[in-house]
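Please go over the structures that come below.
Same chain, two partners: chain A is paired with chain B first, then with chain C.
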Partner chain A sequence: MTITPELLLNFTIAGLMIGVLYALMALGITFIYSIMKMINWAMGEFYMLGSYVQWALVVFLLGADYWFVGIIGSMILVFVVGLIVQRVLISPMFTSGMERRDEYGTVVTIALSLFLRNLMTVLSGPDTRTPGRFLPPVTLGTLPVSGDRFAAFVGALLLIFLFYLLLNYTWVGMAFKASSQNRVGVQTAGINILRIDQAAFAIGVMLAAAAGALLAPVFLVYPSNGAIATVKGFEIIIIGGMGSIPGAVLGAIALGLTESLGSVFISSGLRDVFGFVLLIIILLIKPTGLFGERERLS
Partner chain B sequence: MEPIIETRNLTRRFGGLVAVNEMNLAIERGEVRGLIGPNGSGKTTLINLISGVYEPTSGDVLFNGKSIAGWSPNRIANYGLLRSFQVPRLFGSMSVMENMLIARFADFRLDYRKDYDGATEKAQQLLEMAELDPLRDKPAKILSGGQKALLQIVRGFMVDNISVYLLDEPFAGVNVVVKETIMKVIEQMRQAGVTFLLVSHEMASVRRMCSRVTVMAQGARIAEGSMEEVAANPQVIDAYLGGKK
Partner chain C sequence: MNLQVDNVIAGYQEGIDILNNISLMVKPESVAIIIGPNGAGKSTLLKTIYGFLRPRSGAIRFGDRGIATMPPHEIKHLGISYIPQEFNIFPQLTVEQNLRMGAWIFRNDKARLARQLDHTYEIFPALKRFSKTRANTLSGGQLRMLSIAKEVMTSPKLMLVDEPTAGLSPKVATEAYEFLIQTQRALKSAMLLVDHNMEEAIELADYVYVVDMGRVRVHGPRSEFDAARLRQIIQDCLLGV
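Now for the complex of A and B:
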């Protein structure tokens, strides 16, 4: 294949677009980690839930024209599920004085991911579904772009912007930031950290669900569709630095660009390998990730 | 008069180690009580127990005559009992002013528009008292160690109903000027009705600030009285210098 500047530009734009969508997933993972200091291994299943709710709302209730209402509906529903899951499964480890919470969190969220994936297989069967097309193809400059990808890209950009406003221009956002810097400090200042945890978990899984809902017509809807999203999400937070919000966004864009340009210059068949190569290079140069900081353990 | 803070046979074990052992302490309203003892005597653990960071293994903590043992730290703080840490627990990427306001506004139920002006004014007054007001818009992470200690202390006064403040080594690693400012702040707030429990190794500061001093060793209270009285107590001398075998 001859690589022309136009082709290069097209793949760069495609890489940026998919990078922004990866960012939603990575933001959810890193946001929960930064506040609760635990990894939610079931993030992919919340992505999957988001895609299923989107499909169900569009197919059975709203119709294809109101796909954007479906996105909001998916986010709200998964937010509520997140509140309940955090309260029932996660919160007890923070209220019982338990040591090694991260290990408990790992076991519980892996079990949750298996449960949700199998539950959806039972309820919906293993078939692949699609909510139909969001938008007809659009043209960016000379680049023809799938309308579904473009809609997902714009939706993801909007959500990232709203998340940025929440974190930086509201007092609740300040409380999230303060909690991520010092959990004991906020508690002894009078802040209810359990409520912050619950809200952070619900917002984090809601972002994953938004990614699932936005990408439902692109990557389709089936019980294990969150697996790839989870792997990408974890790649990104290691590239960007654990717990770093800017790291999640820039890491996602770096991954999207690497995959897209690697597909042009080397081989599209190795697309998923490029992310791991980038991850290894970053770890060799800066083991804490692009924006990660060394943690003082004592 | 009923003590504002009282511990009754308060005990905390970590496995086989008894960090605080049957501790009884009563602090009168308006007092600045000193709490001293050699390293490892259980002073910080006692503060962690009173402020809810640790749950007691047994015994009770009474605040205004009400049991608060087992309460969460935020519930205790909102009830008017605050504490500081030896290593200041600030929010480094946030400004000095945001550090002051965060406790006030990080509550999902508040009406920010109604409260904001009054809270900002109060924060400004406290920052002026601590001589930190020129730094109000700077990120907390750029402050010196002493300024961080000061900020942490005055931040506690943003809680409206504060009546007891537990200060863990507020003078550790701070210069003379900041130390004087911290003492000035403590005295002003004592006059405003706040009761203090002051943990410190700085004997000169404790002597100056505290009319009564409690001495801990091996998790228990071994002496109490004026600084002169406890300094002459043979048990206290043994605890600091090592007793005869």
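Now for the complex of A and C:
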């Protein structure tokens, strides 16, 4: 294949688009980690729940014309599920004064991921589903893009922007940032840290659900469709630096571009390998990731 | 409002009590100091009063409210502030954002927030110069000042202060005492102070508690104590006399 500047530009745009979608997933993972210092291994299953809710709402209730209402519905529903899961399964680790609560919390999310995946297999069967196509193709420059993929890209950009506004221009956002830096400090300021944990978990899983719902018409809907998204999400937060919000966004774009350009210059069959190569290079050069900081233990 | 601690037993692990039937009282606008050897339970007592640790038995009252089972954020709403030993700041936020976080409980009252910020800058003028600076660039003394200023944004009726001079140079330690006493007088609040720096800390106190093995060993007004007597009492504690 001859690589022309036009082709390169097209693949760069494609890489940016998928990178922004990866960013949603990575933001959710890193946001939860930055507040609670625990890793939510069930993020892929919340992505899967988001895609199923979108599929169910569009197919049984809303119809394809109101797909965007389905996105909001998926996010709200998974947000509520996140609140309940955090309150019932995770919060007890953080209120009983136990040591290594973050590690126990992480183990709970591994169990939760297996539970949710199997629950969905029982409820919906192993079949793959699709809510159908919502939008006609669009052309970006000379690059023809699926309308649904472009809508997912725009939706992801919008959500990242709203998340940025929440973190930087609201009291709650400042409380989230403060909680990630000093948990005792927020409690002495009069903030209920358990509420912060609960809200952070619910927002984090809601972002994953948004990614699942936005990509439901692009990728198929089935019980283990969140597995790849989870792997990409973790690759990104290691590339960007654990707990770093800018790192998650830039890491996601770096991964998207690497995969896309690697597909052009080397082989599209090795697409998923390129991310790991990038990850290894970053770890060799900067083991804490692009924006991560070495933890200081006194 | 009086702070009243009655026969409190508390500890971090089941079966190991750090506080053993400890009782004390702090009167409004007064300064009470707790001194004692390392491991006596001084810091644990403050954590227990502020709700980080739940007593196994006993009562803690602030005015007419029982606070022994309240979580920290509710205790803050009653007008109690806790200044822990470590620098209790948010390193990535600016000085002013730290102060604003200290005013969380009245964050929607913009007029009060602006008034309180001005008042805090009056007490700590050095902080105003650094208001837009990230806290992690401040010196040790400035961080101590910010830790205190953040917690007094709410004009507390009672301040629980744990080892305010720990890890500070003698010059900065003297400044830290000045910040504290200046704040306590400006706010007319009560203060329960834990400190190892007997000579300087006792100068601030109206009342002295000597704590050993999780209980009060000796207490009385400051006039009954001087540094030499306190040193002797601590020595006796360490020797198990």
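Note that the second predicted complex is superposed on the first by the 298 of 298 C-alpha atoms of A that agree within 3 Å, B and C clash if a C-alpha of one lies under 4 Å from a C-alpha of the other, contacts with A are read in each partner's own complex, and residues count from 1 in each chain.
Methods note: a contact is a pair of C-beta atoms (placed from the backbone, for glycine too) under 8 Å apart; a residue touches a chain by one contact, two chains touch by 3 or more.
Treat the numbers as computed from the prediction; the structure is a model and nothing was measured.
**Q** Following the overlay on chain A, give me a clash-or-fit verdict for chain B and chain C.
**A** clash
**Q** For A:P246 in the superposed arrangement: first (chain B), second (chain C), both or neither?
**A** Touch partners of A:P246: none, neither chain B nor chain C.
**Q** I'd like to know which partner A:G63 touches here: chain B for first, chain C for second, both or neither.
**A** neither
**Q** Of the partners chain B and chain C, which touch A:A189 in the superposed model: first, second, both, neither?
**A** Both chain B and chain C are touched by A:A189.
**Q** Among the partners chain B and chain C, which is in contact with a greater number of residues of chain A?
**A** B
**Q** Just to be sure I follow: which residues of chain A are touched by chain B in one complex and then by chain C in the other one?
**A** Chain A residues touching both partners: 97, 171, 174-175, 177-178, 181-182, 184-193.
**Q** State the interface residues of chain B toward chain A in the complex, per the touch definition above.
**A** 51-53, 55, 72-75, 77-78, 82-83, 85, 89-94, 98, 101-103, 105-108, 110, 112, 155-156, 159
**Q** Can you name the residues of chain A that touch chain C in the complex?
**A** 97, 171, 174-175, 177-178, 181-182, 184-193
**Q** Tell me, which parts of chain C touch chain A in their complex?
**A** Contact set of chain C toward chain A: 12, 50, 52, 71-73, 76-77, 81-84, 86, 88-93, 97, 100-102, 104-105, 107, 150-151, 154.
**Q** Touching residues of chain A toward chain B in the complex: what are they?
**A** Residue list for chain A touching chain B: 97, 171-172, 174-175, 177-178, 181-182, 184-196, 199.
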